[in-house]
Amino acid sequence: MRSPFTQLVCLATVAIGTLSSFKALNFFGSDPRADEDHSQMIAEELPHARPPRGVPLTITEGTWLRAPGEEWIIQQNELARKQGLEPRFTEDPSAADGEGAWIDSTGFIQKRYDEEEDFWAYWQWVGPAQLTRGRRDFVQFCSSCHGLDGDGYGRSGQWLRPSPRDFRQTNFKFTKVLANLPTDDALKRLIKRGLDGTPMLPWDLSDEQITDIVQYIKSLSPEGMGWRDPFTGIGSIVEAGENPWAGRENFAIKHGEKVYHGVAQCMLCHPGYVNPRDLPGLLDQPEDTVYRENLYLPVLKDSEYEVLGEKVKILPPDFTFHTIRSGQTPQDLYETIASGIKGTAMPAWKGSLSEEDLWALAYYVQDLVEEYKDKPAERRGLMERLREGL
Amino acid sequence: MNRINSLLAGVLSSRWMKALAVVGMAGVAEAQGGNRWAPFPPASDFGHRFSELFWLITILCSISMVIVVLLLLIPLLRDRARPGHKANYDHGSSLHDKRLTAVISLATFIVLDAWVLAIAMKDLREAYWNMPEVDQAETYPIEVLGQQWAWHFRGPGLDGEFGTPDDILEMNQLTIPKGRPVSFQMTSKDVIHSLFLPEMRTKKDVNPGSINKTWFKPIEAGEFTILCAELCGYAHYQMFGNLTVMEQEDFDEWEESASLLGIAAYDPEDEEAQWAWEWEE
Amino acid sequence: MSGQHIHAEPTNFFRKHVFSVDHKVIAKQFLWFGLIWLGIGGVMAMMIRWQLANPGEPVPVIGSMLFPRTNGVLDPATYNTLFTMHGTIMIFLGLTPLMIGAIGNWSIPLMIGARDMIFPLLNCLSFWAMFLGGAVGFISLFVPLGATEAGWTGYPTLSTTINGVGSGETLWAIAVFLIGASSIMGGINYMTTVIRLRAPGMTWQRLPLTVWGIFLTSVLNVLFVPVIGSAMLLLIMDRVFGTTFFIPASIMQGAGGGDPILYQHLFWIFGHPEVYILILPAWGIIGDLLSFFSRKPAFGYRAQVGAMVAVTLLSAVVYGHHMFTTGLSAMLGESFMLLTMIISVPAEILFFNWLHTLWKGNLRLTTPMLFSMGVIFVFGLGGLTGIYLATIGTDIFLHDTYFVVGHFHLTMAASALFATFAGIYFWFPKMFAREMNEFLGKTHFWFTVIPLVTVFCLMFVMGYAGMPRRYYDHTSAEYLRSLQHLNKYATHAAFLLGAAQLVFVYNFIRSRWWGKPASQNPWEVGTLDWTMETPVPHYNFKEIPEVFTGPHEFSNPDIPDGKDWISMTEKLKA
Amino acid sequence: MNVSSAATSTLSKEEVRTRVDVTLGMIFFIGSWTMAFGTLFLSFLVLRQRVGVWPPEGIVLPSFPLATVATLILVASSLGLHRAVRAWDAKGGGGEREQASSAQRDWAVGVGLGFAFAVLQALLWADLLAAGRFPSSGLYESLFYGLTWVHAAHVVIGLLALLWAWIGLSSGRYGPNRLSTVSNIVIFWHFVDVVWIVLYLGFFVF
């Protein structure tokens, strides 16, 4: 027991023993602990304080989803004919054992929903391989904001307004379709184009990847909703048609101003861009008409979007200040106005307004953006005019 | 030494530098038809310090490099192996050689490194790390929240306090007044980002879990660039924004509008949207 | 020395060529392994350059084969993977095995007069651990959700599950861990060998500089690679077991969670010595080669060794200059700036001595000599540009721009690579008993050095103009669009540089099997490795030689027979 | 100290040389591993510093008495192995029967206590897991599990090496040269011991 090593070990043992007994006797006194301790609280309260683990990546079962409508089937057939191939789908209702199913030449079945008389819904089979590919791309590219389960609440999605889409709510804002749900092409266009002024970027992904992601996103609809609901309408992007104001843009802007503040009553939610004193003259209304207070500010509106179970409110944009999400050309604006923004206070105006009025509105809004946005001096002039005499 | 220092510093910061800058930036840029070989001119009050130090180091390094190349070339041309030619037998271990080694390396160190070091220290103390006090009325504070792949900026609004309804929220766009120090506190939701303002000659990492601070004082109004300089994943290259520096009067009007729109957008029930933190002094 | 036994040469194929414990076979294994990975990393670099010059266009020739899903276009995720793996491969699987594995294994026992490494089995294990690491790294490229995308530095939280839940990043960390284990094994082996197995008379002051360089590298390997090993373990635990070492719980306060900055400290405590791990052998090799081919003693041998030792010591305390923009305190920042500047003193001593070695020499401009002089040139460029990055005032702007890319490619990559090439050209006749073609070698040199300097000097311009690194597409932001022309020039030069390496591949393969048989001492130098017969016999030395002179006694007037060199085993006159 | 004690014993010159070679390698290895565990412990200190209150309020801590007992057991195990190796060294491997038998008893006790430590370590984890604290539960758990896992991996390797050495010893195959392997395994075990003491101090005492 005389070697230095042994002595050292003995010393260490004694030291440990002493320290341990001190500790056991609470010799060092109680911990100087603060009254409030955030450390555990934060960790447990925040839904995304913990890193994700064990995320399933493989989908073993395919699913039936609403096909993007009869048009899609005709389109597919035409495409095939153009390439000199046999059309993929038969249009013979007596096919498939007389059940009236639509069968493609590879045995690909388009079911017909015949629960109700005269009601047709076309279904599309999405196989597990494609869903798995889509799932993986979704997890890799989309999940940081939209969440690993597509619940719109990924780690980067928290605190984010406007909040990322929860795909289980099957509600899409900027798809520019009249029906409830967009076609695949509309969704693909949106992903490729992105939404200005938000972290939804234009995605540099290949067509194939985006197709897979779109199929996966569709498959996130709960049973009986969205793409699993036979009754929802699926439509393609609103056709802009012929521009009635071509060559007369200045008149369009003038007319648009009237429509904006008059027929369409846009200023009920969006700001008005004319001083309330001048409005009666512009709209041929009685001098004593009363407009809403603070007409130069937009009004916060309810929406159908939920974040963590709570409905969020959405502020209609002030075109001279906020960034327009989905394009600033008259064409883009026409599409947005005509189709409305799903789930928000913005209705689809197509049908309610004439084509001329719609185009005029688009020109007017574009003019507002061009004239005032990011131009502090001009905007200051405008705001002074608007607030005059208030 | 002090005189030489001030003399050279004077030369570097004055006409000489400007001439160089003209050749280096505008001249080449024009000649290349919009293609540039240099950064845009600085727009912050300490931006010129970068260029001065950069060109000082460049001149010193160029001299050193020329010496090295000469010392490579001369033996290459003069001392090539040929019949009858013999190398000089020299271990370089005499006292003289040792002294020479020490003198030359120390001299190089003093001329090259110590000089640069002294200027850099001065710059750091006077500019980069000389954070303005926020309670000074003129300092404009900004809270930055980085995320994959966007920048969120929160201005205090009219009441000058964070976490109130009139806060100004911007995304990928930052609007600040000219001629006032702008003070940043920054953090990130998810991964590390880095706020890079090339025209302001400043950069600071935006780390999750802690708050980082930086500042600068814009001295020119206009539109500038915000980039992310730290790899942050898939769309790192798309994480850029726009910095608008406004004249004070334009800014006042803008701040009022933005603040009012902030109030209009304020939803007291939506606590999630209020991510501001208390400004750290 | 009776400690080193001679065992019979194994006759079994596996024991002889695959799981051999002979340092010469292991050196060759490392050589082939490193060259293959260097090729893979090089192809990755070419794809990166293609994407930068022609964003979004399909990669020619190999693109549609490698990326069928995008018709040959690199998507941003793949691009991130490519530059991450390019860095990892070049550092851990290219230069490390070539420089330390191949040249170290080959030269240490031969140059110090030993029959083998002191722990032959550990040596074998070292190679196979690295092989396994390489295999895991390779597999990580093909797992679902993509390979690693977090850069070779793997900063959390980007490298944790917050950014991606795929297994690519985990496999990458495991690969780095395995390669680190291999480096530690090698390091322990080299250190012990140099300390214990030097031939009689081979004092520390007669040790060739190559051995000095590799010895000091081994010290760094043994001390600092464990740091990255532990950091990788913590990262793997974060990814696999859900611990939170590097993941903050909340964005506002750090309380309750980990700290991503901690990883940066750990990484650079390793990462900065890693730079010297790669450059110290290079310095050693060229210190020797410049002397050998100038037919002059290495000028200031002790000063050179002293400078290398000083760098080894200093390398541990300067790592903070990688983190000037992360929010270091002012005090730390200034200290690290000062310390970093101080490291330039030993570098200056080395430069001074190298250049003085050449002065009034009798220069034989062979390929290894050209590459050695090339190291002086590119390391000069790289080292001097280090001053910009050590100075916080300029680093704030230049950090994470292409300036940094240019700088570390010239110092760590180009210098180390040039020294590796010099070493390969130099030892090839001894390794494979055949000579490499000198003309092709010189062609290789000139077509490497010119485009290389062009590429990386253009990167200095890009960085100065404010172009951030690791961008998939520099045309996306308005600010960078006017710099795209620089990218095009750099890409052209890079392709030329890539093409020049084909000359080396051709030369290497042709010389390996069909080259002219080499004589025993084609370079006429006196170190122990060149005084034994070619090819080197099993267990190197039948009799352990005794050393009487230093390694660099060239043109000594006391050399007998009128030669200008003398073997270390011979005695000088008088 | 193993080197010096070997040098003063009856070993031949070549045996001493081999012992020095191998022990030098072992010392470098330990130095390297000290850096590895130093890194882990540095992380521990840094992260602990970030949390104002340590250990965090309101969590279940691993059992202190259990850990103390484990520490003492590990120290005793090291001690036993050290005595055994010293005795063998003094005899140059072979030697008189009674000396060898007392050394063998020390050895057996050392290895046995090593296994006892492993069991206690497992109990520590089981205890904590039963209380519902997992590696992903929080920072304290991250650190505790993470660091003890790495240490436990070394305990397992050490125990396997000790067993392997024991088999060799009991079959009488170990002469003086092979004894250096045994002494190195024991040095490794001492290192494992020291690391545990540091962990113990960090987690349970300070």
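For this structure, a couple of remarks:
For reference, chains read A, B, C and D in written order, and residue numbers begin at 1 within each chain.
FYI, contacts are C-beta pairs under 8 Å (C-beta built on N, C-alpha and C of every residue); 3 or more make two chains touch, one makes a residue touch a chain.
Predicted model, so just to flag it, every value in this text is computed and none were measured.
Looking at B-C and A-B side by side, the one with more C-beta contacts is B-C.
Placing every chain at the mean of its C-alpha atoms, the farthest one from chain C is found to be A.
Work out the mean CA point of chain B and of chain C, and you get 31 Å between them.
Chain centres here are Cα averages; for chain A and chain D they lie 58 Å apart. One finds 51 Å separating the Cα centroids of chain B and chain D. With centres taken as mean Cα positions, chain B sits 37 Å from chain A. In chain A, the residues that reach two or more other chains under the touch definition are 39-40, 43, 50, 53, 140-141, 144, 155. Contact of a single residue of chain D with at least two other chains is seen at positions 51-52, 56, 136, 138-139.
Within chain B, contacts with two or more other chains are made by residues 145, 148, 189-190, 233-235, 238, 275. Contacts from chain B toward chain A in the complex involve residues 145, 147-150, 169, 171-173, 189-190, 233-235, 238, 244, 246-247, 249-251, 253-254, 257-258, 260-261, 264-267, 269-270, 272-273, 275. Only residues 2-3, 118-119, 122, 184, 187-189, 191-192, 195-196, 222-227, 229-231, 233-234, 237, 241-245, 249, 254-259, 262, 265-266, 269 of chain C touch chain D when the two sit together in their complex. Contact residues on chain A toward chain C in their complex (touch as defined above): 38-43, 46, 49-53, 55, 57, 136, 139-141, 144, 148, 155, 204-206, 208-209. Those residues of chain D lying in contact with chain C across their complex are 14, 17-18, 20-21, 24-25, 28-29, 31-33, 35-37, 39-40, 42-43, 46-47, 50-52, 56, 134-136, 138-139, 141-143, 145-146, 149-150.
By the touch criterion given at the top, residues 76-77, 80, 149-151, 155, 157-158, 162-164, 248-254, 257-261, 294-303, 325-327, 330, 333-334, 337-338, 341-342, 344-346, 348-349, 351-353, 355-365, 373, 376-377, 380-381, 384-385, 387-388, 391-394, 396-397, 399-401, 461, 464-466, 468, 470-474, 476-479, 482-486, 552, 554-557, 564 of chain C touch chain B in their complex.
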